[in-house]
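Below you'll find a set of structures to go through.
Here subunit A shows up in two complexes: once beside subunit B, once beside subunit C.
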Partner chain A sequence: MTCRLAPPALFGLLLSLAASSLFTGYVDMSPQHLLHGALSGEPIPQRILIDIRLPRTILCLAVGSALGLTGAAMQGLLRNPLAEPGLLGVSGGAALGAVLALYTGFADTFYLALPLAGFTGTAIAIGVVFALAGRRTGTTTLILAGVAVSSLCGALISLVLNWSPNPTALSEIVFWMLGSLADRSSHDVELALPFIALGALLLLGCGRGLRALTLGEETAHSLGVDLARLRVRVLIGSALAVGAAVSVSGSIGFIGLVAPHLMRPLAGGDPARLLPLSALAGAALLTAADLAVRLLHNTGPELKLGVLTALVGAPFFLALILRTRQEAA
Partner chain B sequence: MTAIACSGLRIELRDRVLLDNIDFAVRRGELIGIVGANGAGKSTLFKALIGLLAPTAGQITLAGQALRTFAPERRARLLAYLAQGHVAHWPLSVRETVALGRLPHGPGDRNTAAIDDALEAADLSHLAGRNVLSLSGGERARTMLARALAVGPAVLLADEPLAALDPAHQLRIMALLRAQAGAGMAVGVVLHDLPLAARFCTRLVLLHEGRMLATGTPSEVLSDTMLTQAFGICAARFQLEGSELPLPWQLTPQAPQRRSTM
Partner chain C sequence: MWRLSAGLCLGLLISTASAAPQRIVSLNLCTDQILLQLVERERIVALSFLSQDPFSMAMHDAARGLPTARGNAEEVLALAPDLVLVGTYTTRHTTALLRRFGIPVLAVPGARSFDEVAHEIRIVAEAVGEQARGEQVIDAFETRLAQLKATHHEPRPVTTQFVSGGYSAGSGTLYDDIFSAAGHLNGAARSGLAGYGPLPLEKLVEHGPANLVGSDRRQGGPTLGNRLLRHPAIAGMGARELVLPARQTICGGPWNLDAAEQLRVRGARP
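Let's turn to the complex of A and B:
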């Protein structure tokens, strides 16, 4: 059922996508010229490669893997292939925090104000979900609490848009919400990467518990899994990884849903093996999407990354569902 | 030797008493059947015994030691639990599903023989590579039982392992549980099939509205009085190979409407 070649093949794909991302952009300069120039200290190639494209590529990989990994962990925890990072209020909180920062002008007060606000939003949202669901309640209460908090975040974002003082602030907020990794700097990488790495470590350590959950909560308990601890671990891991990711990228949909779905056959259905595979797949998907954004650009504003992932992701997901239905029939 | 026992066990959930004053023990080599009407507290008893529900009062001991003092993994190595419904959420293979029983033994566990033995005991070796979601109900029930056996436990608690199974599978599962008890395991099983309970179990515990109504040999527990009191039924009786088998026959005439505890 599983394919041993999948992880190395994915890794190879990821490396070539990352390399393409580094050498694709709006300045027409050959890879050799760019690399040689950057290494020999020429200011323009160095600025393009090190200051502009490298942070963008690193963030593509990190944000994509955070979304893919969190999606897989959420699906494993909730035992539902439709779960995704947004379900428990993780992305909604980040979006609300960032939108409030843009609305109040806090975002302009210092360089990392926007991602920090997003991050705080996630922390608060997850805290509220916890307070609502409690530590010992079941999966359904957790999902309901997440849905309630997500909806509230959505409503508050609409309220902020409603009260937006001027069209400039409005468009700034809307553009941020569309999701993008253009014009990010090494500061964004420094802010997001440690939290994504910490969240990923927490989530990758959940494989054993998620595997036991395959047979239901009672059986998992009887196999020695502390369910309350597992739940807390997945929630905190997701909050760290996705909170940090959304804070620097804005809202990017479908990666967290599609990556685990694509990888599940390769993982043989095993939720533990699915975790690293989904992280790799998420990174590959987002890097490819960001590459496409740059390649598709002709004139006018760049297509937003979040718009592309949703535009391609939704029909793709529908096709997957249809295929699964045909296979089941 | 007593493998698992409880004394004075009381379970309350949101001010409702689900179980009260339960004293019961399973010794090694015994196959104990838990019988009783729907809502009598059978599953609740098992959930308490595996530590999923905390007792309001009373003691549970596993291998002579208080259950609450066990680290989860050590408890899981000694005590296997077969849950109702045979849930499987993801398309693992039969072998991988059975191998989940080795989880309590830690990541370093290399005991593939335990998995092979469990597969063979449940007659699943030829299905080892099949997707567990594609199995028939009977095959899936056997897979889940093999998963519990793969733990290599001292105690096995099986909650309605026969539900929705055909007669051949019911007999197969009961024979397998009996064989495990014969090999020294302490086995507790929740059953609704009274003839099978009488035929296979060494002792029975009859629960009624959260209390223990009777315990003893099958013929003691499944007496006319007890069946009337616990289920509101009368049974026809057969003598077969020296055991008396009660076949639920009709509702007790003019029985007062039994209060549902569900």
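Let's turn to the complex of A and C:
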């Protein structure tokens, strides 16, 4: 019963979060004034609502759902509840690409240079993971290849920080890595959304394969699931979705890890149902976190979105583990 | 024991009274420039390594040819200075180490207003024994500032600094005084920003400045620079974008008035 009510309830929550996100910001302006002003073409409310808050809200929903969905797919594919979107080097590659773009000044050449560099980084990282793990090897090799590529990306980012010639570039790189959706524009939405949607479609189609996989690799194989193809599909799907997401938002942790865990009781152990539920939960979590970032803003530097998700996410995740352990005992 | 310490005190008094420092080292870009305005080149043993950089240093012509120091303690000790000028936040460990070796160190905080510029010129002038010259420099600055202020028009245009990552300069910054010397209002200060810090795009759009002062960093090294200025919300505002040279805005001094003069001439009216 609760299972059937969950998706509409989540949708309702998501809608109200999205609406609050449109009417919360750094300038105190009532929703009526904003809406009326934007519709009647008054420049200030129009710019604030349409050019600043709308792209931010859309990106919250899109990036959050990309992270939640990818987290669920990774946990399903690797059959490991600790798997998260960045495990196979996807976010590391995007971060390295973006950091290199900041370091070389490429990021300043045209508006979308920064996210495009993130894309390229993801593509290269995923290519290397594939080359290392191959098509026919087991899950462990895949994870190890992913971990190796992730740590290499981390090391290269540190190297770039180490060599950074000026303090402004240094602080930009560090702040970019903390993750934020502040002041993004419709250009970022136009760039990221198609890739996130494409990746999400690929991942949502993996439900049947992942469901068979819960019974073990051999059983899945005997049920006619091509494991190598499933793996390629999940990898490409997450590279598209998370690569695009990280490229516009910077690194945002824990959403991809926590969202599937939150939804698992509602999905009844069925990965095919867990995938869309996790996407919804991820979107709701990230929008709520970004709302909190704006509500907590006073003067001075804004708390970065990625910092908040990690600060809240880690204890939350711990509580979740403790509760599961109590239930099991 | 007391006799020994009294003797030491006496010795110190004699040395400060008899001779102003003759081997001065400066380890900070801003103290480099204060020093160059006050003493003859012969008394300068070394300036900071940034002093040779025309991008950050307004007085790079005056600094050319003078030796530079990176700012580590060994290097400074080897120069055997009798006064070391440092910034308050830069080379913190070096400062502590030099003091332990008994070298006089004067820490000068960065100026956040024209009043502080004058104050810093005074304390450095006193330390190097050039009080009269310090007052001359301050007087020249104030005369020029008064001349600039005589050219102001009402209503004043709103000008906002907006650089990489959405940072801006509010009240209590050199920019605030530079804008006001140019006869402009500082938009970031009106939006409630105190000091240097992030200015949310929404607030920028709300106060809608006539002039946007971007970053000069692009020539100096790669950063996001003015990427955010291409955001549709800013592009739609129709503000005039200008760049004030970094060397005229990093440190406090007469060159700040050059920046104000440029803003006055090139900035858009409201």
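Going forward, the second predicted complex is superposed on the first by the 327 of 329 C-alpha atoms of A that agree within 3 Å, B and C clash if a C-alpha of one lies under 4 Å from a C-alpha of the other, contacts with A are read in each partner's own complex, and residues count from 1 in each chain.
Everything below uses one rule, namely that a contact is a pair of C-beta atoms (placed from the backbone, for glycine too) under 8 Å apart; a residue touches a chain by one contact, two chains touch by 3 or more.
Bear in mind the structure is a predicted one, so any value in this text is a computation, not a measurement.
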Subunit B versus subunit C as contact partner of A:P271, first or second or both or neither: first
Subunit B versus subunit C as contact partner of A:I44, first or second or both or neither: second
Partner chain in contact with A:A212 - subunit B first, subunit C second, else both or neither: first
Dominant contact partner of subunit A by residue count, subunit C or subunit B: C
Subunit B versus subunit C as contact partner of A:S185, first or second or both or neither: second
Subunit B versus subunit C as contact partner of A:F175, first or second or both or neither: second
On subunit A, positions contacted by subunit B and by subunit C: none
Residue numbers on subunit A that touch subunit B, as the complex places them: 1, 79, 208, 211-216, 218-219, 221-226, 264, 268-271
For the subunit C and subunit A complex, residues of the former touching the latter: 164-166, 192-194, 197-198, 200-203, 205-206, 208, 215, 217-218, 220-228, 230-233, 236-237
Touching residues (chain side subunit B, partner subunit A) in the complex: 47, 50-52, 71-77, 79-81, 83, 85, 87-93, 96-97, 100-101, 103-104, 107, 129, 131, 144, 147, 151
Subunit C partner contacts - residues on subunit A that touch it in the complex: 25-27, 43-44, 47-48, 51-53, 102-108, 111, 114, 165-166, 168-169, 171-172, 175, 182-183, 185-187, 297, 299-302
